[in-house]
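What follows is subunit A paired twice: with subunit B in the first complex and subunit C in the second.
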Partner chain A sequence: MPKLEPMTPTSIHVIAFGMIAEKIKTKELVLEYMPDTEVLLGYLYQQFPDLKQTKFSIALNKKMVVGKTFIPVGAEVALLPPFSGG
Partner chain B sequence: METKRSPKNIFVQGQISPESIAKSIANHSTKTDIGGHSIFLGQVRADEKEGGKVTAIEYTAYEEMALEKAFEIREAVFAKYPLSCMHIYHSLGEVKVGEICLFVFTSSKHRKAAIDACEELVERIKKEVPVWGKELIDNEGSVWKENL
Partner chain C sequence: MDRFTRQTILPGFGTAAQQKLKLSRVLVVGVGGLGCPILLYLAAAGVGTIGIVDGDMVSLSNLNRQVIFGEGDLGMNKAETAAHFLKAKYSDIKINCIPEFLTTQNIKVILSQYDLIIDGSDNFPTRYLVNDACVLLGKPLVFGAVYQNEGQVAILNGNGQNSINYRDIFPDPPTAYEIPNCNETGVLGVLPGIIGTLQAAEAIKFLTGYGETLVDKMLFYNLLSHQSYTMELSQNPDSRKGIPSSIEALEVTDYAIICGDGDSIDWEEAFDLLGKFAGGTLIDVREADEYPKLKGYPYQSVPLDLLDEKHQEWLNSELILLFCQSGVRSLKAVKILEKHFPGKKIHSISGGIEAPDSPIYN
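And now, the complex of A and B:
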């Protein structure tokens, strides 16, 4: 299980929705700072192997990002499964 | 005259009631420059799934991002078509089969702009706004939906 640590100036706040929140069994993670989304994905896949079979996108501070993207300090990182509104 | 618009809440807890839709239509009777309205209503369907029939959809959203995205779509569609009015409502929480979960309403001087804008809004909302529907099945299971 990942450690849920108090927020520090260099931590990143990860929130998960829908099927992703179910697979990782939490809606929220506070992680030590990671420089980019590739490192973050590596960490998530290692912690939650189930995610490898799951399609999802990443939003940084509420904007969708594609490919390896720098994570600003203090960013809100969201893990978003395919949308199914309407 | 230019009015500055800001993000407004599109979310409604539970179903969008037919009464609120009727009221929304009635609210436009004083806007006499409008010549055509276009309305899209999304309704929860009782699909057959493995293990049973859908009884309801439970909606969740990344609300802050959804409101920002809805605002961005709204501004883009307002800029593209000569509209008098635009309203978007989406349900959160549980909506039973047969109930309305999405209400998109556009008005313009002539029909074409209202119809085209309404269609574009519905397509963009389903594709770009972070909302998730979980279909609840009558055997107490559930399936996450995915928009195509």
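And now, the complex of A and C:
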């Protein structure tokens, strides 16, 4: 697992669950500032093309968001896929 | 003193909460890794009426996590076995046994008889079916699911008109290839034990008003790190698009197809095709220890893992039909064989050996 970059005053903290963590090959990422969730998704899809085939929901500071949403500096962004097992 | 003394003396719970449990009617969907602990704790806590719905049979590979069952139960219906087990333990609660799979046809009648639904199923078509029916019938739903070493728990549709439902979080069902289930990726038995126990706890809290619940929240739990993450859920404008407009519309919706099962055919079509193609092959892609076995028809048994390696065997088959337990692995099998034989007719049988039209029931 790659070493996590230290947080800077402008970075954001991305955490991933389930098969999203498998596809981005880590449970946590520190990224330089991303203005909104669309820019973040564009970046993630470019870095990890496999992600495009997986549905997931996004939470910003522990609240689920829908559509293009502004990301505050220092935010924690979670990438949350559905599970079906039981 | 009665069998509930240890919870009725609990400050804030008391006999009033116990009475609420006694009057509650709860339906548990699926008696698998989640359903077993859910049932054990609801029955122990004194939930007055418990419905158990499952058409599946116990197989050997279930026993690492489905703790109600033992070696003597192999091949038995899960709902009947669990109902018998709980009735023998407690005489003061009512157990309704429904030894069938939930379908678009029976879901309205079954769900209508309960105040709270708990989803312990193991596949997306059932999860979306249960969610949509709960929205249309106004039933609160305790959701729980696992993937490898992680689990999710939420109370959906528990807040009246403003409730969040599963489609607010995930509007469109993933395809079967996207998200594998326990049969394909493996699971330690304790994980559904923990997640199912959390579902039982949430059900008891919700029914009695005890403590803070996961209404409109989803909890994520990781068994390996013990980290948990709780997010507040939000409404999604796309949520309603996928839900049938009424329970009557739901009754004619095909949940296997909306969950990306479109390459599949049903058992009737399968036998039809096998009759037409003399060189057709039927293959069971389950592991050797999975039941029930297909009887009365010629077929080969080749576990999914070995399919790629053995593909040469079907070089001369014009038609290859694949089945498994529930229709998930056989879809993967189609993709594997299509790579080797792009021109051949290759289909998965929808719903697998457990499908309502499966020859094991006819």
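We take it that the second predicted complex is superposed on the first by the 78 of 86 C-alpha atoms of A that agree within 3 Å, B and C clash if a C-alpha of one lies under 4 Å from a C-alpha of the other, contacts with A are read in each partner's own complex, and residues count from 1 in each chain.
Going forward, a residue touches a chain if its C-beta (ideal position, glycine included) is under 8 Å from a C-beta of that chain, and two chains touch if they have at least 3 such contacts.
Everything numeric here is computed off the predicted structure, so don't read it as measured data.
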Which partner reaches more residues of subunit A (counting touched residues only), subunit B or subunit C: C
Which of subunit B and subunit C A:Val65 touches, first, second, both or neither: second
Touched partner set for A:Ile15, first subunit B, second subunit C, both or neither: both
Subunit B and subunit C footprints on subunit A, overlapping residues: 15, 17-19, 59, 62, 78, 80-86
In the complex with subunit C, residue positions of subunit A that touch it: 15, 17-19, 53-55, 57, 59, 62-66, 78, 80-86
Residues of subunit A that touch subunit B when the two form their complex: 15, 17-19, 59, 62, 78, 80-86
Subunit A partner contacts - residues on subunit C that touch it in the complex: 30, 32-35, 119-124, 127, 144-148, 150-152, 168-170, 172, 174, 178-179, 181-182, 185, 187, 192, 218, 220, 222, 229-238
Parts of subunit B lying in touch with subunit A, wherever the complex brings them together: 42, 59-62, 64-65, 68, 90, 101-102, 122, 125-134, 144-147
